[in-house]
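Take a look at these structures.
Consider the two complexes below, in which subunit A is the common component and subunit B and subunit C are the respective partners.
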Partner chain A sequence: MTQYNIIGTRMPRVDSRAKVMGKAKFTADLKLPHMLVGKIKRSPYAHARIISIDASKALALPGVRSVVTGKDTEGVKWGVFAYTRDQQFLQTDKARYIGDEVAAVAAVDEDTAQKALDLIDVTYEELPAVYDPMAAMASETELIHAEYPNNINIHVNIDTGNVDENFAKAHYIREDTFTAPEESYFQAEPYAVVARFDSDDCLEVWCPNGGPHMKSKPLSNSFKIPLHKVKIRRIAIGGAFGGRSEICPADYICALLAKKTGCPVKIEFTREENTIGTRQGHSMITTHKTGVDKEGRVLARETTCYMDGGAYSSTGPIATSVPFLSMEQAYRMGSVRYNGFRVYTNKPIRGMIRTHGRGFACGLDTQLDMIAEHLGIDPVEMRLRNSRQPGEYTSTRSLVGSCAMDETIRKAAEKAGWTEKWGKLPPFHGIGIGTNSVQTGFPMGIRGGSQSFIKFNEDGEATVMSGVVDNGQGNENMLVQIAAEELGLLPEDIHLVNADTETTSSDPGSYSQVSTFVGGQAVKNAAANCKAKLFDVASKILKVPADTLAAKNRMIFVQDDPEKCVPLKKVVRVALTNFISVNAEGGYWPKVDMKREWVSNPYGQMCEAFSFGTTIIEVKVDPETGQVTVLNCVACQDVGKALNPLVLEGQFEGSVAMGGQGGMLTEYHEWRDGRCLNPTMLDYKLPLACDMPPIHNIIVESIEPKGPYGAKEAAMSIAMSAAQAYAAAVSNAIGVYMDSFPVTPDKILAAIKKKK
Partner chain B sequence: MRLPQFNYTGPDTLEKALDLLAAHGQDAKILAGGTDLLVRMKKGLLAPKMLISLKALKDLSYIQQDKDAIRIGARTSLADIIASGPVQKEAAALSTACEKIGAATIQHFRGTLGGNILQDNRCFHYNQSAFHRSGRQACHKDGGKICYARDESDRCNSTCQSDGAVALMALDARLVLASKGHERTVAIADFYTTDGILPFAMEPTELLKEIIIPIQGAASAYQRLAYRSAIDYPIVCAGVLLKADTGKKDTIGEARIVVGAMARSPLFLAKESAELKGKSFTDTQAFQKAGNGAMNSASTFAVHNVGATLEYRCAMVAEMVVRALNEAAGSGKN
Partner chain C sequence: MEKLDLTLNINHKPFDVRISPNDTLLEVLRDHLDLTGSKESCGEGVCGSCTVQLDGKPVRSCLTLALEAEGAIIRTVEGLADGDTLSPLQESFVNHGAVQCGFCTPGMLMTADALLKENPDPDEDTIRKALSGNICRCTGYAKIVEAVAHTAHPQDQCPDCASGIKSCCKAKE
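Then we have the complex of A and B:
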């Protein structure tokens, strides 16, 4: 195995110290001269025609600098795809959910801005609203979007053929339906955005984001200004989880107010706005029909899923596909037919989320357990019989390269004591397993690749430029580790300029789990090109061929004779003195099937690598209260290569909290007529540190040949499989297969009672 | 979210505080930690012109034990109560209840017992931002004539989610209310109106000064359910007290069962409590019967307005009461 100096070490993250000491600056901390406060007026009605908007009273209030409405937007519409542009940044004709943007103000301070909002007089005509996808499809009242019959926004159909034939050959078939409500991200940092136009009419924007280049393009389109005039700046970010990848109407509104006033404007969301006015995870009703042979191997599967998409398309085509894709990657499915319907309702907009489709995945795994029980097969064995193997193609024809799915199952089972515990635990104790697979990338067209540029300073330190953004997962540290490793420098010698659209090249963002694989690889390639230039210069100094050289700890030396060396700094200085460039660029473009499209052609190479994860959970259920105590958690993932086990374990643990402890036990929204009743951290039951179980992390390294140092997606497979394992463990404890998620105490108690 | 504008004052003696209350009364609110009050102010649910902070009023932080009572100053921090030997020994239910309030940090730095007792009733249709409450009719507690928690209800059905009050009612505590030149003591069971809008029978000029817990040589216990282990209000809870018969040590001489988080105030269940008199401390059947009775009584008041399902919360009343009775009976205090 290759020996690395910095890759694979448990190096504390470069950004940790500033964050724990409160020194890191987030968007809400920004203060610019003459900055105004922006606030958004949102619809209090779930579905209503906008008759008129009168802003005269607001404009007359001293301290108010601008009021904007849909009339000021020139009708621009947003949608991730050309065929999903259904959202105006400020509505002109009607509001489609409680929270829809209808107007905005910029004022000298927050109190004035709030007063001005209250003075904007909007006359609405309320329309009948629908809050449930099934009701929305059957509804005969006014469509939410006139051009989408039955309120069906997206229909993804995947069919490998031979489904009915293979069902006919099956030894055992069952069909079950599973439900799960929407979920929220609760990023630690509520959304905020600062925008200003500078003296050259360039738009500068600071905001939490999942990729600066994904924000700059829609802003460039909307304001009809060239891309180089849109400068998204790097700023510390407190979480994204998929919810900050797209442009947010607030970004556009903030920039519009800045344009109108000629001043910088800041919009800070309240926690409630962050919950209802950004994105949520989809609620789902999923039916899995599965046919197996006598050994429990899946021959055919038919899955139909109805997703509540809320008021607008958002990332609809992707979100309608990913729950299915994660499962087709994890398990061989034989022949499969998938129909995913994303349905408009008058609820907040649903988008990408880290735990795509908890009900979908948990349902598929639960059904495997049901089939295993019927056939007398142990759940671990059931998974091994259906697990993805390296070298295979997925149902939608992606070649799977590195794959250590079986190893994650075996190692997790061994650590959890599965054989000693399965079927042998006392009453109301349970153990459950979940397995999942996540993509390392999507086909993203023009923004699918990343480029990096590295320049040396005369003191021998390097400045690395990369479009990769860090929204909490440690991407900046990852880039520093890679650059330091490759250049033979120490991490403190690397100065990162990243996530800034003015100074960095195009990059897909921390979207589709691709930052390390694509962005990290671009930095690695740029550094390798730098190193080749440095070695050319060093070979002349040391009078040895360049290919005999290596770099480490700020020294360039002869591999077989390390005493023969020259400080890297000296090489840089010699190069500069002799007018030789040691700066270099490098890039990485994943080889995916560019013809693959979410709706029109959902087949072909999805991405270059897939991660595989297994989580095993052991629980105790109180049979009188339905309360669950999680006794143990084993989280095991094939990450290709752990670039930093310390960071990775933190990601695993966060995944268990989000996917399992919160996602499967306590987190759900309460509603009344489209109004979210628990939009705050007090009322939406995120787990706290003291709620978390002991977690044993197991890292499996399959060394993905196409990844940087063998790395691929890390920790999302845990977030997904943790949800499945939690559901399975509770089901095992009470002897009832749960089909409604999350598994809250009331449902558990009702299931126990029903069984009696 | 911004706090509305207010004047702030921090009197350092009780006399000054009572003078301020006498002068400002209706326009003033007492700030004793702020974990309830400031959040409501931020949501625009109330906008007092003046906040009278008890921060400097150190005189109201004490735990004193004499022959027949423990006296706790209303400003005493929850952490001090949890750490108090006399409270643990003579009022276990209160000790347990205080451990459940907020989180360790809140118990140390902010939360006071008085503040916990006087936290306003809650309802997830009411404790919302001004934006949330717009675009629909105002509810009773918000100055309107409608209840979102119970259709057709002519009154507010907000829920008292104080942990401390439930424990104190089980302990038969008394509250000392002071106003300028006047002081009165009231049993906590008599402290509640049946009005969810203004749940406390207290004048705007009055200050909660002291909590008196009688020492009865009895066992007490507190049980509650919430979604997570900290920073969560109870969705159902029960406080009980069991006192041995003076003649027969293995027999219950007096019982007090109180159920919380199910109604506008903690519910003292007189009938179920009385029925335990004369029963053995090991009579688990009697405890179950009391639990079922408590459930039936409490269920008539409860509405779906604090999370979980109503059916679940009602069912759990019995369980919490039985668990608390078993805990008290088994605590060796009898």
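Then we have the complex of A and C:
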């Protein structure tokens, strides 16, 4: 096994020192000279035509510098794909959900801005609204978007063929429907954006983001200015979880106000705005029909899913596909037919979220448990009989390279004491297992690759430039570790410049779990190219061939004779003196099927690697109150290679909290006529320190040949499998298979009562 | 609204401020004094991101009027370290990987610091209860609880206690 100096160590993160000192600057912490406060006026109606907007009273208020409406825009519509451009950043014709942006104001202070919002007079004509996907499809009232019949935004159809034939061969078939409502990210940092136009008419923006290059392009489109004039800056980000992957209308609105006023403008969202005005997770109604042979091996599956997409497309085609893809990666499905419908409703916009389709995944796993019970098979064995194996193709024809799915199942089961506990626990005491798989990236076209540039300073330290952004998961530390390992430097010798669209090259962003695999690999390649140049110079100094050299701890030395060495700093200085460049670039473009498309062609190589995770949960349910106490958690994932176990464990533990503890016990939104009734932390129940069970992390390393040092991704398949395991454990404890998630006390009590 | 002049004692230094009577302590810290370490996350006293200490007790600065803090010894996250030297609690947070996005970290530290001053030997249950007014969305709390527990009692078998301040965390010369 390759020995590394920095890779694989429990190195504390490079960004944590500034964070514990309160020095790390987040967007809301920024202050610029002459900065104004921006605020957004949002629609109070779920569906209404905008008849007129009168801003005269607001403009007359002392301290108000500008009011903007849809008429001040270039009318450009945003959509992640060319075929989903349906969202204006300021609405001109109608509002489609409670919270849709209709106007905005910039003023000298917050109180004035707030007063001005109330003085903007918007006349609406209310329209009939629809609030759930089934009603929306059947609705005969005005469509939410005229060009989408039946309010169907996206239809993904996947069919491997032979589905009906294989159902005919099945020994046992069952069909079940599962539901789950919307959930929200509740990032610690409420959304905020600061924007200004500089003296060269360049737009400069600071905001939380899942990828700065995914912000700059839509802003360039909306203002009709070239990309080099849009400078998204690096700033500390207080969490994303998929909710900050896209442009936010506030980014554009803030920039528009800055343009109109000639001053920097800051918009800070309230907690309610962060819930309503960014993104949410889709609610879903999923029907799985599964046919198995006598041994419980799945021969055929048909899945139909209706997703409430809210008012606009957002990442619709991706969000409609990923719940299915995660499961087709985790399990062999035989023949399969999938129909996913994302339907417009007059509710806030739904996008990507860490647990893609909790109702979908928990339903599929619950049904496997039902089938296992019918056939008298242990759930662990049931999973081993259907689990993904290395070297196989998924149903949508992606080759799976490294895959230690079975090892994660076996190790988790052993650690959790499955054999001793399954079927032997006292009443209202249960154990459950979930398994899942996530993709490391997907075809992203022009933005699918990442490039890095590394320059050496005369003191032997290196500046590493990368487009990779850190949302809190530790991406910056990952880049520093890789650069230091590859260059033979120490982490403190690396100065990182990242996530800045002016200085760093294109990068896919920190979604689809791709930062390490693509962005990290780009830095690794750039560093390798630097090292080759350094070794050329060092070989002349040491008078040995370059290919005999290695670098470590700031020294370049002969591998077989480490005493023969030269400080790296000296090599850099010799290079500079001799007019030789030791700076270098490097990039990484994943080899995926570029013809694969979410809707028109959902087949072909999706990404280069998949991670696999298993979580096992043990619970006790109070039959009087329906309260669930989680006694134990084992989280086990095939991560490829653990670049930093300390960081990885933190990702596992956070995933259990969000996917399982919150996602399957307490987190969901409630609605009345399109209005979210629990948008704040007071009434949306997030897991607390006292709620969390002991978590046992097991890291499995399958060493992915295509990943940097063998790495894939960290903990997404834990977030997903944790949700499934929580659901299964509660079902096991009460002896009823739950089909509505999350499993809240009221549902648990109702299930217990019905069973009696 | 009529403005008021008052002097606040923050991190052992006096600060003269001119405020409105309805300004919260958090607004004064962040907007008037540029002490932006204390964060606003929920704005209604639920999440604990804005936690500071008044006379050693953790309080929500988003629910505390600046006026109420007059005469008290106010301590914020900026006052935990001694110059460039981190407090043992801060160091423990760094070494145990208790920091991810870092937005809840200042409030978490102020609550934990107050706990350790009151009870230098808390068990895990006590730590979890004490931190239950501070919401963290990233970590699942495991590493935070460990960092607090190991501040007072470094563990020989803990891989993250053993080495003290690790190389990357030393302030650059």
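The working rule: the second predicted complex is superposed on the first by the 756 of 756 C-alpha atoms of A that agree within 3 Å, B and C clash if a C-alpha of one lies under 4 Å from a C-alpha of the other, contacts with A are read in each partner's own complex, and residues count from 1 in each chain.
Here is the rule we use: a contact is a pair of C-beta atoms (placed from the backbone, for glycine too) under 8 Å apart; a residue touches a chain by one contact, two chains touch by 3 or more.
Everything quoted here is computed from the prediction, not taken from an experiment.
Asker: Which holds for A:Ala82: it touches subunit B only (first), subunit C only (second), both, or neither?
Answerer: The answer is neither, since A:Ala82 touches no partner chain.
Asker: According to the stated criteria, A:Leu682 is in contact with first (subunit B), second (subunit C), both, or neither; which is it?
Answerer: The answer is both, since A:Leu682 touches subunit B and subunit C.
Asker: Going by the contact rule stated at the top, is it subunit B or subunit C that touches a larger number of residues on subunit A?
Answerer: C
Asker: Kindly classify A:Ala236 by the partners it touches after superposition: subunit B alone (first), subunit C alone (second), both, or neither?
Answerer: Touch partner of A:Ala236: subunit C, not subunit B.
Asker: Applying the touch criterion given at the start, work out whether A:Phe26 contacts subunit B, subunit C, both or neither, answering first, second, both or neither.
Answerer: A:Phe26 sits against subunit C, while subunit B stays out of touch.
Asker: Looking at A:Pro190 after the superposition, I want to know if it touches subunit B, subunit C, both of them or none. Which is it: first, second, both, neither?
Answerer: second
Asker: According to the stated criteria, A:Thr744 is in contact with first (subunit B), second (subunit C), both, or neither; which is it?
Answerer: So A:Thr744 only meets subunit B here.
Asker: For A:Gly474, is the partner it touches subunit B (first), subunit C (second), both, or none of the two (neither)?
Answerer: Touch status of A:Gly474: second partner only.
Asker: So, A:Thr270: does it touch subunit B (first), subunit C (second), both, or neither?
Answerer: So A:Thr270 meets both subunit B and subunit C here.
Asker: Of the partners subunit B and subunit C, which touch A:Ala146 in the superposed model: first, second, both, neither?
Answerer: neither
Asker: Using the superposition on A, tell me which residues of subunit A are in contact with subunit B and, in the other complex, with subunit C.
Answerer: The overlap between the subunit B and subunit C interfaces on subunit A comprises residues 270, 682, 686-688, 690.
Asker: Hey, which residues of subunit C end up touching subunit A in the complex?
Answerer: Those residues of subunit C that touch subunit A are 30, 34-44, 46-47, 49, 76-78, 80-81, 86, 90, 93-97, 99-106, 109, 127-129, 131-132, 134-145, 159-160, 166-172.
Asker: Enumerate the contact residues on subunit B facing subunit A in the complex.
Answerer: 1-2, 103, 124-125, 128-129, 131-132, 134-136, 148, 225, 227-232, 307-309, 311-312, 315-316, 319
Asker: Using the touch rule from the top, collect the residues of subunit A that touch subunit B in their complex.
Answerer: My answer: residues 42-45, 98, 110-111, 114, 270, 272, 624-627, 666, 670, 672-673, 675-679, 682-683, 685-688, 690-691, 744-746, 749.
Asker: Any idea which subunit A residues touch subunit C in the complex?
Answerer: 10-26, 28-29, 31, 185-190, 236-239, 241, 270-271, 471-474, 480, 490-492, 646-647, 649-650, 652-658, 661, 680-682, 686-690, 692, 695
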